[in-house]
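Note that the chains are named A, B, C and D in the order they appear, and that numbering of residues resets to 1 at the start of each chain.
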Amino acid sequence: MLKEHEIQIRVRYVEADPMGYLHHSNYFTYFEMGRTELFRASGGNYREIEEAGQFFVITKLECRFLAPARYDDELTLRTKISRATMAKLEHEYELRRGDTILTTAKSVLACVDSTGRVQRMPDSVVDAD
Amino acid sequence: MLKEHEIQIRVRYVEADPMGYLHHSNYFTYFEMGRTELFRASGGNYREIEEAGQFFVITKLECRFLAPARYDDELTLRTKISRATMAKLEHEYELRRGDTILTTAKSVLACVDSTGRVQRMPDSVVDAD
Amino acid sequence: MLKEHEIQIRVRYVEADPMGYLHHSNYFTYFEMGRTELFRASGGNYREIEEAGQFFVITKLECRFLAPARYDDELTLRTKISRATMAKLEHEYELRRGDTILTTAKSVLACVDSTGRVQRMPDSVVDAD
Amino acid sequence: MLKEHEIQIRVRYVEADPMGYLHHSNYFTYFEMGRTELFRASGGNYREIEEAGQFFVITKLECRFLAPARYDDELTLRTKISRATMAKLEHEYELRRGDTILTTAKSVLACVDSTGRVQRMPDSVVDAD
(Lines give C-alpha, C1' and ligand atoms only; values in the text may rest on other atoms or scores of the structure.)
Protein backbone atom coordinates (compact mmCIF):
# COMPACT_ATOMS: atom_id res chain seq x y z
CA MET A 1 0.00 0.00 0.00
CA LEU A 2 1.26 3.46 -0.96
CA LYS A 3 1.81 5.77 1.97
CA GLU A 4 1.37 9.05 0.15
CA HIS A 5 -0.35 10.47 -2.91
CA GLU A 6 -1.13 13.83 -4.50
CA ILE A 7 -4.13 14.99 -6.51
CA GLN A 8 -5.11 18.27 -8.19
CA ILE A 9 -8.49 19.81 -7.41
CA ARG A 10 -10.13 22.80 -9.10
CA VAL A 11 -12.43 24.74 -6.72
CA ARG A 12 -16.01 24.69 -8.03
CA TYR A 13 -18.27 27.74 -8.04
CA VAL A 14 -20.88 25.98 -5.88
CA GLU A 15 -18.19 25.29 -3.26
CA ALA A 16 -17.39 28.97 -2.68
CA ASP A 17 -19.39 31.02 -0.17
CA PRO A 18 -20.50 34.68 -0.08
CA MET A 19 -16.97 35.70 0.97
CA GLY A 20 -15.79 34.10 -2.28
CA TYR A 21 -13.87 31.53 -0.22
CA LEU A 22 -14.05 27.75 -0.47
CA HIS A 23 -16.52 26.94 2.34
CA HIS A 24 -14.82 25.10 5.21
CA SER A 25 -17.16 22.08 5.00
CA ASN A 26 -15.92 21.33 1.49
CA TYR A 27 -12.33 20.71 2.58
CA PHE A 28 -13.49 17.47 4.16
CA THR A 29 -14.91 16.39 0.82
CA TYR A 30 -11.52 17.06 -0.74
CA PHE A 31 -9.81 14.96 1.93
CA GLU A 32 -12.23 12.12 1.15
CA MET A 33 -11.25 12.36 -2.51
CA GLY A 34 -7.62 12.24 -1.43
CA ARG A 35 -8.24 8.97 0.47
CA THR A 36 -10.15 7.44 -2.46
CA GLU A 37 -7.38 8.28 -4.93
CA LEU A 38 -4.55 7.21 -2.60
CA PHE A 39 -6.32 3.87 -2.27
CA ARG A 40 -6.85 3.60 -6.05
CA ALA A 41 -3.19 4.47 -6.71
CA SER A 42 -2.31 1.54 -4.43
CA GLY A 43 -4.38 -0.86 -6.53
CA GLY A 44 -7.44 -0.82 -4.24
CA ASN A 45 -10.98 0.32 -4.91
CA TYR A 46 -13.13 1.73 -2.15
CA ARG A 47 -16.41 1.09 -4.00
CA GLU A 48 -15.58 -2.63 -4.14
CA ILE A 49 -14.89 -2.65 -0.40
CA GLU A 50 -18.36 -1.22 0.19
CA GLU A 51 -19.88 -3.71 -2.24
CA ALA A 52 -18.24 -6.45 -0.14
CA GLY A 53 -20.09 -5.07 2.91
CA GLN A 54 -17.37 -3.08 4.66
CA PHE A 55 -17.58 0.66 5.23
CA PHE A 56 -15.07 3.22 6.50
CA VAL A 57 -16.46 5.76 8.94
CA ILE A 58 -14.80 8.89 10.27
CA THR A 59 -14.35 8.89 14.03
CA LYS A 60 -12.22 12.02 14.43
CA LEU A 61 -11.30 15.08 12.37
CA GLU A 62 -8.95 17.98 13.02
CA CYS A 63 -8.25 20.80 10.60
CA ARG A 64 -6.32 24.07 10.68
CA PHE A 65 -7.20 26.73 8.15
CA LEU A 66 -4.18 28.88 7.38
CA ALA A 67 -5.18 30.70 4.20
CA PRO A 68 -8.38 30.69 2.09
CA ALA A 69 -8.92 29.11 -1.32
CA ARG A 70 -11.16 30.78 -3.91
CA TYR A 71 -13.38 29.76 -6.82
CA ASP A 72 -11.37 28.41 -9.77
CA ASP A 73 -8.14 28.02 -7.77
CA GLU A 74 -6.19 24.92 -8.73
CA LEU A 75 -5.08 23.18 -5.55
CA THR A 76 -2.78 20.30 -4.69
CA LEU A 77 -3.80 17.89 -1.96
CA ARG A 78 -1.25 15.55 -0.42
CA THR A 79 -2.81 12.62 1.46
CA LYS A 80 -0.63 10.46 3.66
CA ILE A 81 -1.34 7.38 5.77
CA SER A 82 0.26 8.17 9.10
CA ARG A 83 -0.90 5.02 10.94
CA ALA A 84 -2.68 1.79 9.96
CA THR A 85 -3.73 -0.85 12.49
CA MET A 86 -6.40 -3.56 12.61
CA ALA A 87 -8.64 -1.08 14.42
CA LYS A 88 -8.07 2.24 12.71
CA LEU A 89 -6.57 4.15 9.84
CA GLU A 90 -5.05 7.59 10.33
CA HIS A 91 -4.43 10.07 7.52
CA GLU A 92 -2.74 13.44 7.33
CA TYR A 93 -3.52 16.06 4.70
CA GLU A 94 -1.85 19.14 3.34
CA LEU A 95 -3.68 21.35 0.85
CA ARG A 96 -1.61 23.87 -1.11
CA ARG A 97 -2.03 26.49 -3.82
CA GLY A 98 1.40 26.64 -5.39
CA ASP A 99 3.78 26.89 -2.43
CA THR A 100 1.21 28.32 -0.02
CA ILE A 101 -0.15 25.81 2.50
CA LEU A 102 -3.87 26.49 2.93
CA THR A 103 -4.90 23.76 5.38
CA THR A 104 -3.40 20.88 7.32
CA ALA A 105 -5.62 18.16 8.74
CA LYS A 106 -5.79 14.71 10.32
CA SER A 107 -8.52 12.07 10.30
CA VAL A 108 -9.14 8.76 11.99
CA LEU A 109 -11.26 6.09 10.30
CA ALA A 110 -12.76 2.89 11.63
CA CYS A 111 -14.24 0.01 9.62
CA VAL A 112 -17.86 -1.11 10.20
CA ASP A 113 -20.26 -3.59 8.59
CA SER A 114 -23.63 -2.63 7.11
CA THR A 115 -25.23 -2.71 10.59
CA GLY A 116 -22.60 -0.33 11.97
CA ARG A 117 -20.68 -2.96 14.00
CA VAL A 118 -16.93 -2.34 14.16
CA GLN A 119 -14.81 -4.70 11.99
CA ARG A 120 -11.10 -5.23 11.58
CA MET A 121 -9.61 -3.26 8.69
CA PRO A 122 -9.53 -5.15 5.33
CA ASP A 123 -6.16 -6.75 4.53
CA SER A 124 -5.91 -4.65 1.37
CA VAL A 125 -5.69 -1.60 3.61
CA VAL A 126 -3.44 -2.82 6.41
CA ASP A 127 -0.12 -4.04 5.10
CA ALA A 128 1.49 -7.08 6.73
CA ASP A 129 4.88 -5.38 6.62
CA MET B 1 -53.34 12.28 0.76
CA LEU B 2 -52.97 16.05 1.06
CA LYS B 3 -52.57 17.81 -2.27
CA GLU B 4 -50.68 20.86 -1.03
CA HIS B 5 -48.39 21.90 1.82
CA GLU B 6 -46.18 24.81 2.84
CA ILE B 7 -42.89 24.88 4.73
CA GLN B 8 -40.54 27.65 5.87
CA ILE B 9 -36.85 27.41 4.96
CA ARG B 10 -34.02 29.66 6.17
CA VAL B 11 -31.19 29.97 3.59
CA ARG B 12 -27.94 28.62 5.05
CA TYR B 13 -24.58 30.34 4.61
CA VAL B 14 -23.09 27.29 2.88
CA GLU B 15 -25.91 27.37 0.32
CA ALA B 16 -25.06 30.88 -0.91
CA ASP B 17 -22.47 31.42 -3.65
CA PRO B 18 -19.90 34.15 -4.33
CA MET B 19 -22.68 36.40 -5.67
CA GLY B 20 -24.31 36.06 -2.25
CA TYR B 21 -27.23 34.24 -3.91
CA LEU B 22 -28.68 30.87 -3.00
CA HIS B 23 -26.92 28.59 -5.53
CA HIS B 24 -29.34 27.22 -8.12
CA SER B 25 -28.54 23.57 -7.31
CA ASN B 26 -29.84 24.04 -3.76
CA TYR B 27 -33.38 24.86 -4.87
CA PHE B 28 -33.79 21.20 -5.83
CA THR B 29 -32.86 20.21 -2.29
CA TYR B 30 -35.56 22.55 -1.01
CA PHE B 31 -38.12 20.96 -3.35
CA GLU B 32 -37.13 17.53 -2.00
CA MET B 33 -37.77 18.81 1.54
CA GLY B 34 -41.14 20.07 0.34
CA ARG B 35 -42.07 16.59 -0.94
CA THR B 36 -40.88 14.91 2.28
CA GLU B 37 -42.94 17.26 4.47
CA LEU B 38 -46.03 17.15 2.23
CA PHE B 39 -45.90 13.36 2.56
CA ARG B 40 -45.39 13.55 6.34
CA ALA B 41 -48.29 16.01 6.71
CA SER B 42 -50.44 13.38 4.91
CA GLY B 43 -49.51 10.74 7.48
CA GLY B 44 -46.85 9.05 5.34
CA ASN B 45 -43.13 8.66 5.95
CA TYR B 46 -40.68 8.52 3.07
CA ARG B 47 -37.94 6.84 5.13
CA GLU B 48 -40.30 3.94 5.87
CA ILE B 49 -41.06 3.57 2.16
CA GLU B 50 -37.35 3.24 1.48
CA GLU B 51 -36.95 0.79 4.37
CA ALA B 52 -39.70 -1.28 2.69
CA GLY B 53 -37.56 -1.38 -0.47
CA GLN B 54 -39.21 1.25 -2.64
CA PHE B 55 -37.43 4.37 -3.84
CA PHE B 56 -38.63 7.50 -5.62
CA VAL B 57 -36.37 8.74 -8.40
CA ILE B 58 -36.58 12.00 -10.31
CA THR B 59 -37.14 11.54 -14.04
CA LYS B 60 -37.72 15.16 -15.04
CA LEU B 61 -37.15 18.62 -13.58
CA GLU B 62 -38.02 22.09 -14.81
CA CYS B 63 -37.34 25.30 -12.94
CA ARG B 64 -37.69 29.03 -13.66
CA PHE B 65 -35.63 31.44 -11.59
CA LEU B 66 -37.41 34.78 -11.34
CA ALA B 67 -35.57 36.49 -8.47
CA PRO B 68 -32.62 35.49 -6.26
CA ALA B 69 -32.68 34.42 -2.61
CA ARG B 70 -29.84 35.40 -0.24
CA TYR B 71 -28.18 34.03 2.88
CA ASP B 72 -30.44 34.20 5.92
CA ASP B 73 -33.61 34.91 3.90
CA GLU B 74 -36.65 33.16 5.30
CA LEU B 75 -38.53 31.56 2.41
CA THR B 76 -41.89 29.86 1.98
CA LEU B 77 -42.11 26.81 -0.27
CA ARG B 78 -45.50 25.59 -1.47
CA THR B 79 -45.42 22.00 -2.77
CA LYS B 80 -48.42 20.64 -4.65
CA ILE B 81 -49.18 17.24 -6.17
CA SER B 82 -50.40 18.06 -9.64
CA ARG B 83 -50.80 14.45 -10.86
CA ALA B 84 -50.54 10.99 -9.27
CA THR B 85 -50.84 7.78 -11.29
CA MET B 86 -49.62 4.20 -10.83
CA ALA B 87 -46.57 5.11 -12.93
CA LYS B 88 -45.61 8.60 -11.82
CA LEU B 89 -46.04 11.43 -9.39
CA GLU B 90 -45.92 15.04 -10.52
CA HIS B 91 -45.30 17.99 -8.21
CA GLU B 92 -45.36 21.73 -8.68
CA TYR B 93 -43.42 24.14 -6.50
CA GLU B 94 -43.55 27.85 -5.76
CA LEU B 95 -40.85 29.44 -3.62
CA ARG B 96 -41.55 32.91 -2.21
CA ARG B 97 -39.92 35.53 0.02
CA GLY B 98 -42.91 37.38 1.42
CA ASP B 99 -45.06 38.12 -1.64
CA THR B 100 -42.21 37.86 -4.14
CA ILE B 101 -42.17 34.63 -6.16
CA LEU B 102 -38.54 33.54 -6.54
CA THR B 103 -38.89 30.26 -8.46
CA THR B 104 -41.55 28.03 -9.92
CA ALA B 105 -40.78 24.42 -10.76
CA LYS B 106 -42.17 21.02 -11.74
CA SER B 107 -40.87 17.52 -11.15
CA VAL B 108 -41.81 14.02 -12.22
CA LEU B 109 -40.97 11.03 -10.00
CA ALA B 110 -41.06 7.31 -10.72
CA CYS B 111 -40.88 4.48 -8.19
CA VAL B 112 -38.13 1.83 -8.41
CA ASP B 113 -36.98 -1.13 -6.30
CA SER B 114 -33.47 -1.47 -4.88
CA THR B 115 -32.19 -2.82 -8.21
CA GLY B 116 -33.60 0.19 -10.08
CA ARG B 117 -36.54 -1.66 -11.73
CA VAL B 118 -39.66 0.46 -12.14
CA GLN B 119 -42.49 -0.33 -9.69
CA ARG B 120 -46.06 0.88 -9.34
CA MET B 121 -46.43 3.75 -6.88
CA PRO B 122 -47.20 2.71 -3.27
CA ASP B 123 -50.92 2.90 -2.33
CA SER B 124 -50.10 5.39 0.41
CA VAL B 125 -49.05 7.80 -2.33
CA VAL B 126 -51.71 7.22 -4.97
CA ASP B 127 -55.20 7.78 -3.62
CA ALA B 128 -57.96 5.45 -4.74
CA ASP B 129 -60.35 8.36 -5.17
CA MET C 1 -15.81 31.03 -29.02
CA LEU C 2 -15.95 27.23 -29.03
CA LYS C 3 -19.44 25.85 -29.41
CA GLU C 4 -18.85 22.50 -27.69
CA HIS C 5 -16.57 20.92 -25.12
CA GLU C 6 -16.25 17.68 -23.14
CA ILE C 7 -14.98 17.08 -19.62
CA GLN C 8 -14.54 13.96 -17.46
CA ILE C 9 -16.06 13.93 -13.96
CA ARG C 10 -15.58 11.31 -11.25
CA VAL C 11 -18.63 11.00 -8.95
CA ARG C 12 -17.63 11.86 -5.36
CA TYR C 13 -18.82 9.87 -2.35
CA VAL C 14 -20.46 12.93 -0.80
CA GLU C 15 -22.49 13.44 -3.99
CA ALA C 16 -24.19 10.03 -3.78
CA ASP C 17 -27.38 9.59 -1.75
CA PRO C 18 -28.76 6.69 0.35
CA MET C 19 -29.82 4.89 -2.86
CA GLY C 20 -26.16 4.99 -3.88
CA TYR C 21 -27.09 7.28 -6.78
CA LEU C 22 -25.62 10.65 -7.66
CA HIS C 23 -28.17 13.02 -6.08
CA HIS C 24 -30.15 14.92 -8.71
CA SER C 25 -29.13 18.35 -7.34
CA ASN C 26 -25.48 17.60 -8.12
CA TYR C 27 -26.03 17.28 -11.86
CA PHE C 28 -26.53 21.04 -11.98
CA THR C 29 -23.14 21.51 -10.37
CA TYR C 30 -21.63 19.33 -13.10
CA PHE C 31 -23.33 21.42 -15.78
CA GLU C 32 -21.83 24.55 -14.19
CA MET C 33 -18.38 22.94 -14.40
CA GLY C 34 -19.10 22.16 -18.04
CA ARG C 35 -19.85 25.83 -18.73
CA THR C 36 -16.73 27.01 -16.87
CA GLU C 37 -14.47 24.63 -18.80
CA LEU C 38 -16.10 25.32 -22.18
CA PHE C 39 -15.44 29.00 -21.56
CA ARG C 40 -11.83 28.32 -20.47
CA ALA C 41 -11.23 26.14 -23.55
CA SER C 42 -12.34 29.14 -25.64
CA GLY C 43 -9.74 31.37 -24.00
CA GLY C 44 -12.11 33.01 -21.53
CA ASN C 45 -12.13 32.98 -17.73
CA TYR C 46 -15.34 33.22 -15.79
CA ARG C 47 -13.63 34.36 -12.58
CA GLU C 48 -12.21 37.38 -14.42
CA ILE C 49 -15.68 38.25 -15.73
CA GLU C 50 -16.96 38.29 -12.14
CA GLU C 51 -13.97 40.33 -11.01
CA ALA C 52 -14.92 42.84 -13.73
CA GLY C 53 -18.37 43.11 -12.12
CA GLN C 54 -20.48 40.92 -14.41
CA PHE C 55 -22.28 37.80 -13.23
CA PHE C 56 -24.13 35.05 -15.06
CA VAL C 57 -27.37 33.93 -13.44
CA ILE C 58 -29.52 30.95 -14.34
CA THR C 59 -33.03 31.91 -15.42
CA LYS C 60 -34.28 28.49 -16.59
CA LEU C 61 -33.28 24.84 -16.20
CA GLU C 62 -34.70 21.64 -17.67
CA CYS C 63 -33.28 18.18 -17.08
CA ARG C 64 -34.31 14.63 -17.98
CA PHE C 65 -32.87 11.80 -15.91
CA LEU C 66 -32.66 8.64 -18.01
CA ALA C 67 -30.34 6.41 -15.95
CA PRO C 68 -28.59 6.86 -12.59
CA ALA C 69 -24.88 7.48 -11.94
CA ARG C 70 -23.18 5.98 -8.89
CA TYR C 71 -20.27 6.80 -6.59
CA ASP C 72 -16.90 6.49 -8.35
CA ASP C 73 -18.41 6.34 -11.86
CA GLU C 74 -16.35 8.20 -14.41
CA LEU C 75 -18.67 10.30 -16.52
CA THR C 76 -18.34 12.37 -19.67
CA LEU C 77 -20.18 15.67 -19.90
CA ARG C 78 -20.66 17.37 -23.25
CA THR C 79 -21.58 21.06 -22.97
CA LYS C 80 -22.77 22.92 -26.04
CA ILE C 81 -23.78 26.53 -26.64
CA SER C 82 -27.05 26.26 -28.50
CA ARG C 83 -27.84 29.99 -28.65
CA ALA C 84 -25.99 33.20 -27.75
CA THR C 85 -27.58 36.64 -27.98
CA MET C 86 -27.00 40.00 -26.30
CA ALA C 87 -29.66 39.06 -23.75
CA LYS C 88 -29.10 35.38 -23.03
CA LEU C 89 -26.92 32.34 -23.39
CA GLU C 90 -28.42 28.89 -23.89
CA HIS C 91 -26.54 25.65 -23.25
CA GLU C 92 -27.37 22.00 -23.85
CA TYR C 93 -25.80 19.16 -21.86
CA GLU C 94 -25.43 15.43 -22.32
CA LEU C 95 -23.97 13.35 -19.50
CA ARG C 96 -22.81 9.82 -20.37
CA ARG C 97 -21.15 6.83 -18.73
CA GLY C 98 -19.48 5.10 -21.66
CA ASP C 99 -22.16 4.95 -24.34
CA THR C 100 -25.08 5.22 -21.93
CA ILE C 101 -26.73 8.64 -21.83
CA LEU C 102 -27.64 9.40 -18.21
CA THR C 103 -29.12 12.89 -18.48
CA THR C 104 -29.87 15.55 -21.05
CA ALA C 105 -30.47 19.14 -20.00
CA LYS C 106 -30.83 22.75 -21.11
CA SER C 107 -30.15 26.00 -19.32
CA VAL C 108 -30.68 29.69 -20.01
CA LEU C 109 -28.37 32.29 -18.48
CA ALA C 110 -28.67 36.05 -18.23
CA CYS C 111 -25.94 38.54 -17.31
CA VAL C 112 -26.36 40.92 -14.36
CA ASP C 113 -24.20 43.48 -12.54
CA SER C 114 -23.39 43.31 -8.83
CA THR C 115 -26.74 44.91 -7.96
CA GLY C 116 -28.65 42.30 -9.99
CA ARG C 117 -29.53 44.61 -12.91
CA VAL C 118 -29.62 42.87 -16.30
CA GLN C 119 -26.65 43.65 -18.59
CA ARG C 120 -25.82 42.76 -22.16
CA MET C 121 -23.63 39.67 -22.48
CA PRO C 122 -19.86 40.36 -22.52
CA ASP C 123 -18.34 40.46 -26.03
CA SER C 124 -16.03 37.57 -25.10
CA VAL C 125 -19.14 35.42 -24.80
CA VAL C 126 -21.21 36.58 -27.76
CA ASP C 127 -19.33 36.27 -31.03
CA ALA C 128 -19.86 38.98 -33.61
CA ASP C 129 -20.03 36.40 -36.41
CA MET D 1 -24.58 37.89 24.59
CA LEU D 2 -26.10 34.48 25.29
CA LYS D 3 -23.52 31.81 26.02
CA GLU D 4 -25.55 28.80 24.88
CA HIS D 5 -28.40 27.94 22.54
CA GLU D 6 -30.15 24.88 21.11
CA ILE D 7 -31.70 24.30 17.70
CA GLN D 8 -33.52 21.36 16.10
CA ILE D 9 -32.31 20.09 12.71
CA ARG D 10 -33.99 17.50 10.48
CA VAL D 11 -31.45 15.53 8.38
CA ARG D 12 -32.12 16.10 4.67
CA TYR D 13 -32.05 13.30 2.09
CA VAL D 14 -29.30 15.03 0.10
CA GLU D 15 -27.11 15.15 3.23
CA ALA D 16 -27.05 11.37 3.68
CA ASP D 17 -24.47 9.26 1.88
CA PRO D 18 -24.57 5.73 0.36
CA MET D 19 -24.24 4.24 3.87
CA GLY D 20 -27.47 6.08 4.71
CA TYR D 21 -25.52 8.19 7.22
CA LEU D 22 -25.36 11.97 7.44
CA HIS D 23 -22.10 12.69 5.59
CA HIS D 24 -19.40 13.97 7.93
CA SER D 25 -18.88 17.21 5.96
CA ASN D 26 -22.47 18.27 6.70
CA TYR D 27 -21.96 18.38 10.46
CA PHE D 28 -19.87 21.52 9.96
CA THR D 29 -22.79 23.12 8.17
CA TYR D 30 -24.99 22.31 11.16
CA PHE D 31 -22.45 23.89 13.51
CA GLU D 32 -22.51 27.03 11.36
CA MET D 33 -26.32 27.13 11.69
CA GLY D 34 -25.85 26.75 15.45
CA ARG D 35 -23.56 29.81 15.52
CA THR D 36 -25.95 31.87 13.36
CA GLU D 37 -28.93 31.06 15.59
CA LEU D 38 -27.03 31.56 18.87
CA PHE D 39 -26.07 35.01 17.59
CA ARG D 40 -29.66 35.77 16.50
CA ALA D 41 -31.01 34.62 19.87
CA SER D 42 -28.63 37.16 21.45
CA GLY D 43 -30.10 39.96 19.36
CA GLY D 44 -27.33 39.98 16.74
CA ASN D 45 -27.48 39.29 13.02
CA TYR D 46 -24.56 37.78 11.18
CA ARG D 47 -25.73 38.98 7.76
CA GLU D 48 -25.64 42.58 9.01
CA ILE D 49 -22.10 42.08 10.27
CA GLU D 50 -21.06 40.95 6.79
CA GLU D 51 -22.93 43.87 5.21
CA ALA D 52 -20.88 46.14 7.50
CA GLY D 53 -17.71 44.62 6.01
CA GLN D 54 -16.65 42.16 8.71
CA PHE D 55 -16.43 38.42 8.15
CA PHE D 56 -15.89 35.48 10.49
CA VAL D 57 -13.53 32.82 9.22
CA ILE D 58 -12.82 29.41 10.70
CA THR D 59 -9.21 28.92 11.74
CA LYS D 60 -9.50 25.56 13.52
CA LEU D 61 -11.98 22.69 13.72
CA GLU D 62 -12.03 19.50 15.77
CA CYS D 63 -14.82 16.94 15.74
CA ARG D 64 -15.40 13.51 17.29
CA PHE D 65 -18.00 11.27 15.67
CA LEU D 66 -19.48 8.93 18.27
CA ALA D 67 -22.61 7.61 16.54
CA PRO D 68 -24.13 8.18 13.08
CA ALA D 69 -27.21 10.22 12.18
CA ARG D 70 -29.53 9.11 9.37
CA TYR D 71 -31.88 10.68 6.84
CA ASP D 72 -34.99 12.16 8.50
CA ASP D 73 -33.56 11.98 12.04
CA GLU D 74 -34.52 14.96 14.15
CA LEU D 75 -31.43 16.18 15.95
CA THR D 76 -30.70 18.69 18.69
CA LEU D 77 -27.61 20.86 18.42
CA ARG D 78 -26.31 22.72 21.45
CA THR D 79 -23.90 25.55 20.58
CA LYS D 80 -21.91 27.21 23.33
CA ILE D 81 -19.40 30.07 23.36
CA SER D 82 -16.50 28.74 25.36
CA ARG D 83 -14.19 31.74 24.90
CA ALA D 84 -14.50 35.22 23.37
CA THR D 85 -11.59 37.62 23.07
CA MET D 86 -10.74 40.56 20.81
CA ALA D 87 -8.83 38.13 18.59
CA LYS D 88 -10.94 35.00 18.49
CA LEU D 89 -14.21 33.31 19.26
CA GLU D 90 -14.32 29.70 20.41
CA HIS D 91 -17.44 27.52 20.26
CA GLU D 92 -18.25 24.04 21.50
CA TYR D 93 -20.95 21.86 19.99
CA GLU D 94 -22.88 18.80 21.05
CA LEU D 95 -25.22 17.10 18.58
CA ARG D 96 -27.76 14.62 20.00
CA ARG D 97 -30.62 12.40 18.83
CA GLY D 98 -32.75 12.10 21.94
CA ASP D 99 -30.30 11.28 24.71
CA THR D 100 -27.63 9.84 22.40
CA ILE D 101 -24.67 12.14 21.79
CA LEU D 102 -23.67 11.80 18.12
CA THR D 103 -20.81 14.30 17.85
CA THR D 104 -18.89 16.77 19.96
CA ALA D 105 -16.84 19.51 18.34
CA LYS D 106 -14.91 22.74 18.83
CA SER D 107 -14.18 25.61 16.49
CA VAL D 108 -12.09 28.76 16.54
CA LEU D 109 -13.12 31.80 14.49
CA ALA D 110 -11.23 34.97 13.63
CA CYS D 111 -12.65 38.19 12.19
CA VAL D 112 -11.35 39.60 8.88
CA ASP D 113 -12.27 42.49 6.58
CA SER D 114 -13.22 42.06 2.93
CA THR D 115 -9.54 41.90 1.91
CA GLY D 116 -8.87 39.11 4.43
CA ARG D 117 -6.96 41.27 6.95
CA VAL D 118 -7.51 40.26 10.59
CA GLN D 119 -9.77 42.62 12.60
CA ARG D 120 -10.75 42.81 16.24
CA MET D 121 -14.05 41.06 16.98
CA PRO D 122 -17.15 43.32 16.76
CA ASP D 123 -18.37 44.64 20.13
CA SER D 124 -21.73 42.93 19.60
CA VAL D 125 -19.87 39.61 19.80
CA VAL D 126 -17.40 40.27 22.61
CA ASP D 127 -19.13 41.34 25.80
CA ALA D 128 -17.50 44.07 27.86
CA ASP D 129 -18.25 42.20 31.08
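The rule we apply is simple: a contact is a pair of C-beta atoms (placed from the backbone, for glycine too) under 8 Å apart; a residue touches a chain by one contact, two chains touch by 3 or more.
What you see is a predicted model; the values in this text were computed from it and never measured.
Taking the mean of C-alpha positions as each chain's centre, the chain lying farthest from the centre of chain C is D. Rounded to whole angstrom units, the spacing between the C-alpha centres of chain B and chain D is 27. Centres computed as Cα averages put chain A at a distance of 32 Å from chain B.
Spacing of chain A relative to chain D, judged by their CA centroids, is 23 angstrom. Contact of a single residue of chain D with at least two other chains is seen at positions 13-14, 18-19, 25, 29, 32, 50, 71. A complete topology is adopted by the chain contact network, contact being made between every pair of chains. Looking at the complex, you find that chain B touches chain D at residues 12-14, 29, 32-33, 36, 45-47, 50, 70-72. Only residues 18-19, 21, 24-26, 28-29, 32, 50, 55, 57-65, 68, 116 of chain A touch chain D when the two sit together in their complex.
Every residue of chain D that touches chain C in the complex is listed here, in rising order: 13-14, 16-20, 23, 25, 71.
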